[in-house]
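There are two complexes below, and they share chain A, which is joined by chain B in the first and by chain C in the second.
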Partner chain A sequence: MHTLSFTLTLEGVVRVHDAVLCLAKFSEVVSLEARKDRLVLTALNSSKSAYASFSLDRNVFFEKYSFSPILTKGQNATDITESRFTCQLYNKALLSVFKGRLGDVRDKDTAVERCECYIQDQPDKTECRLIVKMVCRHGVIKTYKLTYESVEVMHALFNRNAAKNTWRIGAGTLRSFIEYFGANTEQLDISSENGRANFTSYTEKVTNGRDVLKMPLQTSITIDNLDFEDFTVQEQLHIGISVKDFKAIVTHAETLQTSVTALYNFPSRPMQLSYNEHGMQCEFTLMTIGEYRGASETPAPAVVRHASPASAANQPSRQSPAQVTSIQKPTSMPPPTETASRSFTREPQSQRTQRPSPPPPKASLDPESLFLPLDEDEDRVWGERNYDDDEDTLGWNASAKNVSELNDMRKASASSSRLEPYPAWPEDPNSRIAPTQRISDITTLFGD
Partner chain B sequence: MRFKASIRNISTFTRLTASLSLLGKDVWLQLNNEQLRFTVVPEQGSQVWAVLAIETIFETYTIQSAAENNTINLRIPLLALNRALRSALNATSASIRLTKKENVPLLSLTIITNNLTSIRPANSITTTNLNPENAPFPEDLSANDSFAEPNAAGFFPHDRETTITQDIPVVVLAPATVASIHEPVCPQPDVHIMLPPLLQLKAISERFTKLALSTSTSATRDRRAADAPASSSRLILSANAHGVLRIGVETPALKIESKWEGLTNPELDPEQVEGGEEGIRVHASTRMKERHGDEAWSVVRVEGRDWGRVLGVGRLGGRVIACFCHEHALILYVYLSNEDTESVLTYYIASYSA
Partner chain C sequence: MAPNNDNATSLFSAVSGSARQLFLLLRCINFVSKAQVRITKEGLRFTVEESQVMQGVVFLDKALFTTYTYSPHPSNDDDDEEDAEAPPFQISLSSLLETLQIFGINDLKDRWSNRESGYDGLTSFPSRGERGAAFDNRVLGMNGICRLSYSAQGEPLCIILEEKGVTTTCELVTYEPDFQEDIPLQKDAIAQKIIMRASWLHDAINELSSTSPTRLTMVSSPTAPYFTLSSSGPLGSATVEFSKDPQLLETFHVPRRTVNTYKYSLIQGASRAMAIAAKVSIRSDQQGVLSLQFMIDVDGGGVSFVDFRFVPFIPEEGEDEDESEVGEAEGFE
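For the complex of A and B:
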């Protein structure tokens, strides 16, 4: 039985909201881990290819923070600092409590002043509740009781010391990149050559005939290495991550107006993107893909690469239902050992073998890897492409989606300013316009 | 086969592709020594046959092929092309070339921009925005950072170039393939009339279409308005040689009509008409001028949603002449600028029977 309580300022509430919003891009559950000195929110996606973590510092981030683990027999003082409370909650539930508008001063009357949270874990009361009290102006208090599941939490480990390649750049710059990426691209390839870094978003190619035209845009953005605050990357090393994850991370990083640091070693080993701002340590561990080029001096990893395409294709579909519907069952995923969890941020080399590993469906998988094996025909785990996505459609009208595009358009040329967009009729059957007259009136008017 | 050009007028090119993309998924672009032809022939709905002078869009222009007149025919996905061009709207320079990667022909658009911050489209952030007064952590925190530049977002104003390459997959069409695509042939138009501002026309047309759909689909509620049969959203357009244009909708439940008066009926140019002066004298439109009253109207029936998409061409801001072929078709000529008559988009809109 643990007691955990903390108080957030309005700013903290907004930060938590942004973090939870970002975590929603990875998984539908949020894992919460409380320790003496920090509160950690994490999410691991269903294919275990991406892991996001937000570590909130007790002194900087919180107005008040108290966590007192109950010692059991045999534990000594050092265990207190290592004691933790872990649970999982539905992201949607958290998100609805920490609504985005809370920080909006336009709603002066209902503005939140602070947020008090505590865990209700006493046997004499309803158990497993996270109580969130939003204390608003005029003495209004909104209380939310969220049910959590008390489970062990998995953390992805990343060995910062082993990462040879690193770069650091303003989140705003990265955010500007994603504006150019084609709507349905899946992979992002990052490389560097001749003093310029290259970010390419692409999708595995469609080979048969006319479908060529359905391929999304391939976008390359090349910027000078000097645009980075720090850039130490092996020449011609290509490393690939998911565009979707990149977008989620960069969008969040930009809200903190910070700089993002990337650390990685070589393709097929994890990449970490991190930034630290306002007492919030944000870390993302992502699977990477890519092939070695001739220039690579790094020894090849111990990843077994001869997995058959079929096994790679089967694996995500086999895994995801279990992951989505239920929260990590011990049978499908061994809980991390205490040691693994303790070494959350810095993983000592000696403890490598104690990493939590994904369920090994095939012997050919690297038991240490967070990822699926690299496979030859590159037909892999990122899911179906959706050609019908209309995100790209540019109409001469202003449906909500297109407003920014239109603004762009209008700004780009003054001559277009007189072509004010106006809403076209919606293609939604439920939003037909209300008649201005009753049909019976009309029949009267026309005399029949 | 070589094609390379620098783009002079990115916004026109972007708007052109945006308008075309409303009508069809991909465009047949024919490039040669003299002009650019953009043709959209969708399976259903109106066609566009656009002829543009090279300098309307491009500045430097290199083209080379084995075909006569250095002709190259490409099929290009319009959404991808438009998306690519949009990222060039604030570029310092942009160029396009035909290339090949892993055996897939591509149109590669290269955009060069000097300042990353300026190319960033506005209003793109959807996450929580904090009011500055209410900002959680003082803004000056960033000033303490190890890097001295003032911009809190980590931007460094600089002169270094950023290059963005957008690769659009294309299909190179053989001359034999395009030889079978023919521009529609229409009878002599009865009425030529300058359309009123397209924004007005589009607003009213769409309003009418919506009314037509909402009254005719009320019986079958479970249906999406967008899937309603074409017959339920027909607009009746009519014009005469005396400067009047009418647009109306008629359903069992309602009948509405809007009318514009005092529009211009442009005169035919004898040099453009077969038979010169004599040709004009016997031209259908000359005979229409002599008619008055109900007889003077040339009528077409168009599908409302398709018509609305056609009117999307209004964003190009050109002058539009509508040619009515009674009960047969409506042809729109969109002239891109006032002086230059070489660049013209021709829309063919078929008329439904009554």
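For the complex of A and C:
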């Protein structure tokens, strides 16, 4: 049993609303985690391919914050700082509690003055509830008692030290990009070539091209690397994430008017987007798709986009200062790069098997890179280390299985429009997805 | 029933300078399709009823009309009710509302700004009162002249709308009324009477919607917490508490604690009135029958009233039928 009570400032109420709104794009449940010095809201999407977390500093957002964990036997003093209260709530419930308070702040007579929250889980009470009390002017009090589920919260782990590709750019710039991404596009490919970074949104959904209006729209945005505040990315490395996630992140980042930092290693390894502003630490860990080849051994083939100059010449282009290019192609359009998922769904089996296996990860890479060792240093905010020793369930399984999950998700969404035979899986993983994880990783994962 | 008198003028006719005003008032009770209309000397009374547990009444006072004539036929051998009131009839409320807004209702702003600056919605913001058209009908408040007439029982209700030389004539079929009784509120046994700003009630009702409730519980008590609205649903419960601050609750007469439960969706049916009204008077009698009376400011000064009655979720529901005739628009005293 824990006692947790805190009072949010007005700004805190608005920030929590923004955060919950963003989390709603990932999952329908929000995990709440209270610790001694911060309150954390997280969401993990259903396919476990995207994870979002918002950490609110107790000194910035709270007028009052008290969390006193009850120590059980066998815990020592160091456990106090690590002990936490976790629960899960429906996003919908939280959203309706914190909804639209921004309007209240401005003009309404019954504006919220402060927001008191506490957990009611005393054994003598019959109901366990998260109680949110909005105290408004004129003595109007709005009390919500929300049901919650007491569960252990899982956090995605990300090893910042192993990520060698990074860029940082103002959220406002990214916000202006995402407006050009078509509503139906699903994937976002990020790459860098010749000193220019390229963001391309595309979809693999419509392939037969029968319906003219439903043609996939591919939007490429190219910007100079100098426009980034920081840009260290391996040349010609294509990495794919979900447009929807990206939009949700950028939209939220823009409300804080901050800069977004991306950290990643290579495709099929997680990418982390993060920003830290006004005492709010926001981190998003996204699974990526794409095909990793060592840059030196197998130079990336000329990308489809550049190989077709004709399309670039006669396209009806929307030129914006950010050099936005919209390409609408008449038939099913190949994605900008040979991503794993594309080849997985469409290419004949024989072709795939002829592909050379990617070289093993470079020697400089720690084979355990994305799974935080137990004795990692303290700078990790999310490094959960006392997870009852089952830490491997917390990390990303970066093996090919995750890619298949991503594909499952995509297929499920595409199945309404088009059914296609689902290839038998996974008798021989090598025939479809180039392995990006060594067998040793997998064996450690499954505790062999 | 009353015989048709062919050579007489119509039973009722009225002209309003603002169809918009009528529309806004009648829209408050637009939760069922048919409304019962009773024409009296003082005005038009529109009543709607939902499942015999909720009633909404809009009274269009004759002050809302520029001309208002009501000439009931002398009740020769009628066994009708008192002082020769024409029997009520029903019309399709949705059709009436459709008719009243046939030229659009927010024309004052929109069409003007459109003419000034074309399509651009951002820059056209305060273009009202600029050059030209000082005597435009809209500036003079002459837009949407609306004429209502009803010649005799059984005849259609005729609505003529004029704007810029375009005339729309609409005849709405009238139906036999299918309910007569008002939900009775025992005025001599009022258990609570609270007057507050309607927007606050609206806000509170909206807050409660977060739990997707089926029932709304209203508790008023002479001690703190004075007035609470609460609901619960699968995701949790929500409560809105009002203190006794005179700025908040203008009038608060609660001799003893009362607890009543109503169907949430029905109360929400009054939310349109809550949104546009200035004040609301919340009364309930000892049986728990709830009356929400909304005072709505009318364009040219003055006020109109929209009245709602709700039957609570209690065993006494519908036990004794009080015959008391409920007067309309009795104000807040």
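The rule we apply is simple: the second predicted complex is superposed on the first by the 275 of 448 C-alpha atoms of A that agree within 3 Å, B and C clash if a C-alpha of one lies under 4 Å from a C-alpha of the other, contacts with A are read in each partner's own complex, and residues count from 1 in each chain.
Rule of thumb we're sticking to: a contact is a pair of C-beta atoms (placed from the backbone, for glycine too) under 8 Å apart; a residue touches a chain by one contact, two chains touch by 3 or more.
Note that the structure is predicted; figures quoted are calculated from it, not measured.
A.B. asks: For A:Arg114, is the partner it touches chain B (first), chain C (second), both, or none of the two (neither)?
C.D. replies: Once the two structures are laid over each other on A, A:Arg114 reaches no partner at all.
A.B. asks: Which partner does A:Gly139 contact after superposing on A: first (chain B), second (chain C), both, neither?
C.D. replies: Only chain C; A:Gly139 stays clear of chain B.
A.B. asks: A:Ile221 in the overlay: touching chain B, chain C, both, or neither? Say first, second, both or neither.
C.D. replies: first
A.B. asks: Residues of chain A touched: more by chain B or chain C?
C.D. replies: Touched residues of chain A are more numerous for B.
A.B. asks: In the superposed arrangement, which partner chain does A:His278 touch: chain B (first), chain C (second), both, or neither?
C.D. replies: first
A.B. asks: Per the contact definition in the header, classify A:Ala93: touching chain B only (first), chain C only (second), both, or neither.
C.D. replies: After superposing on A, A:Ala93 lies in contact with chain C but is clear of chain B.
A.B. asks: A:Thr147 contacts which: chain B (first), chain C (second), both, neither?
C.D. replies: Once the two structures are laid over each other on A, A:Thr147 reaches chain C alone.
A.B. asks: Using the superposition on A, tell me which residues of chain A are in contact with chain B and, in the other complex, with chain C.
C.D. replies: none
A.B. asks: Which of the residues in chain C come into contact with chain A in the complex?
C.D. replies: 197, 199-200, 203-204, 207, 209-211, 225, 232, 234-245, 247-248
A.B. asks: Which bits of chain A are touching chain B when the two form their complex?
C.D. replies: 9-12, 14-15, 17-18, 21, 100, 103-105, 169-173, 175-176, 179-180, 182-183, 205, 210, 212-224, 226-227, 229, 251-252, 254-255, 257-259, 277-278, 392-396, 403-405, 407-409, 411-413, 415-416, 418-420, 422, 424-425, 427-429, 432-433, 435, 439, 442
A.B. asks: Taking the touch rule as given, give the residues of chain B at its contact with chain A in the complex, in rising order.
C.D. replies: 10-11, 14-15, 18-19, 21-22, 25-26, 75-77, 79-80, 82-84, 86-87, 89-90, 102, 104, 106, 116-117, 119-128, 130-131, 133-137, 141-142, 147, 151-156, 158, 160-171, 199, 202-203, 206-207, 209-211, 213-215, 217, 221, 223-226, 253-254, 308, 311-312, 314-315, 317
A.B. asks: For chain A, which residues are in contact with chain C within the complex?
C.D. replies: These residues of chain A touch chain C: 90, 92-93, 96-97, 99, 108-110, 129-130, 138-147.
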